[in-house]
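Naming follows writing order (A, B, C and D), and every chain is counted from residue 1.
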Amino acid sequence: MSAPASGAGFALRQALRHGRHLLAENPLSLVAFVMMVSFLGLALLGQWIVPFDPLASDATAQLQAPSRVHWFGTDQVGRDILSRVVVATRLDLAISASAVVLSFAAGSVAGACAGFYGGWLERITSRVVDTIMAFPLFVLAMGIIVAVGTTLTNIIITIAVINFPSYARMARAEVNVRREAGYVEAARLAGNSPGRILALHVYPNCLPPLIVQASMNMGWAMLSVAGLSFIGLGVRPPTPEWGIMVSEGAAFMISGEWWAAFFPGLALMLAVLTFNLLGDALRDLVDPRRRT
Amino acid sequence: MLRMIGRRLAAALPGVIGVIVVTFLLNRALPGDPAAYFAGPAATPRAIEEIRVKLGLDKSLPEQFGLYVRDLVRGDLGTSLTTGQPVVADLRARLPASLELTLCGLLLAIAVGVPLGIFAATRPGSWADHIARVLMTMGNSMPVFFSALLLVYVFYYLLGWAPAPLGRLDAFTPPPGSVTGSFLVDSLLMRDGTVFLAAAKQLVLPTATLGLAALAPIARITRAAMLGVLASDYVRTARAGGLAPRTVLYVYALRNALLPVVTALGIVFAFLLGVNVVVEKIYAWPGIGSYALEAVMTSDYAPVQGFVLTMAMIYVALNLLIDILYGVIDPRVRIET
Amino acid sequence: MSGPLLAVREARKRFPVRGTRRWVHAVDGVNFTIEAGECLGLVGESGCGKSTLVRLVARLLEPTAGQILLDGQEIGSVPVTEFARGPLRAAIQMVFQDPADSLNPRFTAFDTIADPLARLGGVKDRRTQAERVAAVADLVRLPDELLGRLPHQLSGGQQQRVGIARAIALSPKLLILDEPTSALDVSVQAVILHLLVELRERLGMTYLFVSHDLNLVRLISDRVLVMYSGVIVESGPAGEVFTHPYHPYTRALISAIPVADPGGRRERIRLIGEPQSPVDPRPTVCRFYGRCPERFDRCLREMPALRAMGTSHEVACHRYEGGSR
Amino acid sequence: MTGEAGALLVVEDLSIEFRTREGIVRALERASFTVGQAETVGVVGESGSGKTITAHAVMGVLHPAGRVTGGSVRFRGADLLALGEEERRGYCGREMAIAFQNARAALNPIRPVGRQIEDVLLRHTDLGRSAARDRALELFARVQIPDPPRLHGAYPFELSGGMCQRVMIALAVAGSPALLIADEPATGLDVATQCAVLELIEELAHENRMAMLLISHDLGLVGERADRVVVMHAGHVVEIAPSAELFAAPRHPYTARLLATTPHPDSRLADLRPIPGSVPDLREALPPCRYRYRCERAAPECDEPPLPRVEITPGHFVACRRPL
């Protein structure tokens, strides 16, 4: 709306001061940011910049150690591991991001409505949440995938389902804190309908901690996707995917051919690390209690 | 106190019901016609129909659910196609292996994680704090199958310190007589040092893998809780009262900080139950996780369902235990309910 | 139009206590009126039910029983959500205790003030909105350049000006001031008090001024209600209640006011015991019994009702049977 | 600004900074005052004036983000800031003690209140366990807690705000300190309870010949009870005077305006004159006198450092170039 220039300038100055202090305090945030940009770049451009076809096997070059030609070595059927690791970035990021977005949207809206309206909506939501939370989540994911089959959509939905409770619970708690806040009463006095109050006054104010949660959750979703693939309940070979690649390389660890499992595992670890660090940085930014 | 436990028990009930309903629904959601699936590819339509009736699939959904609950109460989880054994018998035989591993991992994680978190919180900003924080972040980012494989590579292949990752005992050691099912406990009961050592050796790497995985969240929560408590008004009161640093740290700060840690233990345990499957696969551990995975490979659903159900029940039971423990520590819960 | 602007008759509000079958009797049969143009003060300690009472009057809560009449029209039975859409919503507005908490952290001062204008005043056109907001901001002396700021970029006093601007944007008939200065420093408190008095004169509003501080209520109210544990124990003209309090609770409150003069301390009235729980109080016992230094056995048998002690002064205490001390 | 002879506590030129995200807050600058034996000194100021921070610094429980950047705190002549941690702790609870504001949060939520008192007693006296328990019950009775044996085992969440404050006071006086710091002891309680709590503290101070530092934002409350008053504004001590003198003839423009803006039983609304401007942002560059931009007496000479400290009449100090 109408924001006189001096007000905007004031806000900008504060934000800059804030950001500068944060970076000075935690240079890791900057590293994480750079890493995230690199991963996004690989996800977007990966398939055009890799030196080899990630699916092309070569019977003459099986399980070769890292060399000048194959920087990360080759796997048991002679595919270039570097190319496969790079190309897998898009799939791994896309599955996790879709799942996180899905559970974020569903969980935050369901939780917010439950917390705001109460009644049967709240009872149903908390029943669903409690039921999902009664399972060890990864085990539940296994059960669902086995039952519904390993298609890409099913994997995404399954990961979204097991992450749903954390958003729903958090959103409900955040809404509960604010439901009786002065500005909500004031909005009522100003003639806002309950739906409008929830959508404009309550929900947006609950988002910051949820976004932090989403960033943290992204790493966990990637681990879950790769974990499912690793035990054979995720993406199917020969698609390049980090979890499958580690799984396929696992057998060779005992015989010393470490590279086949090592590089995809490392890529996965770095990606998860990136999102965890970003989550930490975001939380520092959002949570005033951690102000020192 | 008893009333509190009663309340907790009642509160755990909906969770149990939810678990049963979900496992039932998962069973019905199997792709394709379950009767045709169970009858095998060569079955005639009549044979399929017979199996449909035998499995109760011709009945309505609520009726099927009733039958399912009846079977559950009788301890009947169906029969495994792969082993030909009742699923319950298979699970019972393999559960101790899984529990022994998970509990060892959890204990290791608590034993290292809690002190690490306290250490980091009491020296904020020091190099020790920074190292602890890096460890925690790394630990949170490490895929378990990756750390497991690295441990195997380094300690088995490169250094040769650990035995081959092939189960609970090497080929030359006979298992101890079964009392509890835990090889460590049973061998001690039998006063058999050799078996104990052999079992312990096999346990080291998988336990370390689980411990490393659970260490990060435990240390992280301990550190955060401790930091919060150390900055609290009541710790300031204790300091202003001139109390000895030990009293302030242990009586005033740590006891309060343990409350969120105890709560978090449930989540960490659930996480370990999931991780367990991966670890059992890598170390060829004959637990219920690897049992379920074998069943997955052969599309044998009854064991998978039994596995999911068992894991969920263990988790519900543990949460109940944690709730009670929490009530013992925190008077606010104990007195108000 | 004759009759009071607002009349509250036998208003009651009960809340269930979670996990039990018991009830908190927050407001327990309250009667009072406010004349148009008057400033009525409502005094009581935290937890006495005054917040609940004003929320009933402001139509933010549904009363359990009783009537609320605005200009003779019953509004207490209109459901809260329906009332929020009705034409009378703009007539009763409120200024909140904690200015930081009562402003949406994501709304600029402009958006906050424009909200009631758009919702209730039908002012949706951006330019008209800007004009009206600027006019109201001018009334509360909020500088234009602050309108684009978010609450956390404003000082406590400025935040409260935004809160007042929002409440008076549609010139309400009744403005409820719920401890409008208790979260502010004394230096800011005086500014806001002056502003409120000035606005009442200029806009001809009626005030219901709520505070725990009798000394403050005295300064700007014409009449005072003293509330204790869900009931009104004394009411009367502000000056008279302050100089000639009857109820032991009112006298204790007044004697507790510091006089700031090192030599001239007053005789303090010491209350005994602890405040009583408002959960299912016994209906036949005076609410103040547990703390009253002047109690006697009748107070345990019968709850005293408000009795006239002169032209417009009322007190609910058995000590003042028959209209005298 | 000190009359040091025989003073129990001497705070001299104490400066404290806080590191925050938005920069360094100079929360306290060269604050000086004294507290004599058995004397009650009031500290008054609006929020952010530095009064609580001063109390925390004296007790050595400053928030980790805060740092003493200069000055000294001397108790019976010993410089507390120069002492080692162990020695420093010897003073806390035994020589000086503090009753914090918001008592409920200041008590350990999962330890019975009686045990919390015993912790202090066991630390600072030679009492054994059962003797400490008896003494704790005595203390509870002394602070007018009903039914001490029952409440000995109670937890803070079971007690009312007033009761928590009484426990806090019992905790503070358990070690028989020579100096009691009471930081907003009555804030957050209802008016009648406030009064009772303050009177209890006064009685205890009188009985045990305890010196007291009474911190409050309420000028009236402090003026009524303190022998001398320290007025603070934006991290500066602006005036120190005997109570009667301060109220009769304030010399710092801020004190005068603060008096004029505080309602008292005889004042009328027209008498309340607001203080112009607002408390300055302590992160920004500040003039030598931090009241400079709110002051109607300000003149160019006020921009000359340093902030003056004038003993305008014996025992009456004012930090102003143009006092009233």
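Basically, a residue touches a chain if its C-beta (ideal position, glycine included) is under 8 Å from a C-beta of that chain, and two chains touch if they have at least 3 such contacts.
None of these values were measured; they are calculated from a predicted model.
The minimum number of touch steps separating chain A from chain C is 1. By number of C-beta pairs in contact, the leading pair of chains is A-B. Distance from each chain's C-alpha mean to the overall C-alpha mean is smallest for A.
Between the CA-based centres of chain C and chain D the separation comes to 32 Å, rounded to the whole angstrom. Centroid to centroid, with C-alpha atoms defining each point, chain A and chain B lie 24 Å apart. The centroid of the Cα atoms in chain B and the matching centroid in chain D are 53 Å apart.
Computed from the mean C-alpha positions, the centre of chain B lies at a distance of 56 Å from the centre of chain C. Residues of chain A in contact with at least two other chains: 14. Counting partner chains per residue, chain C has no residue touching two or more of them. In chain D, the residues that touch at least two other chains are 64. Touching chain C in their complex are the following residues of chain A: 1-8, 10-11, 14, 181-183, 185-194, 201, 204-205. Residues 46-47, 146, 160, 162-163, 190-196, 199, 217-221, 223-224, 226, 243-244, 247, 257-259, 261-265, 267-269, 272-275, 278-279 of chain D are the ones that touch chain C when the two sit in their complex. The touching residues of chain B, when paired with chain A in their complex, are 14-16, 18-19, 21-23, 26-27, 29-31, 137-138, 140-146, 149-150, 152-153, 156-157, 164-165, 269-271, 273-275, 277-278, 281-282, 292-293, 296-297, 301, 304-305, 307-308, 311-312, 315-316.
By the touch criterion given at the top, residues 55, 58, 60, 80-81, 84-85, 89-90, 92-94, 96-98, 101-108, 110-111, 114-116, 119-120, 126, 130, 144-150, 153, 163, 166-167 of chain C touch chain A in their complex. Across the interface of their complex, chain D is touched by residues 124, 231-234, 236-245, 247, 251-252, 255-256, 259, 329-332, 335-336 of chain B.
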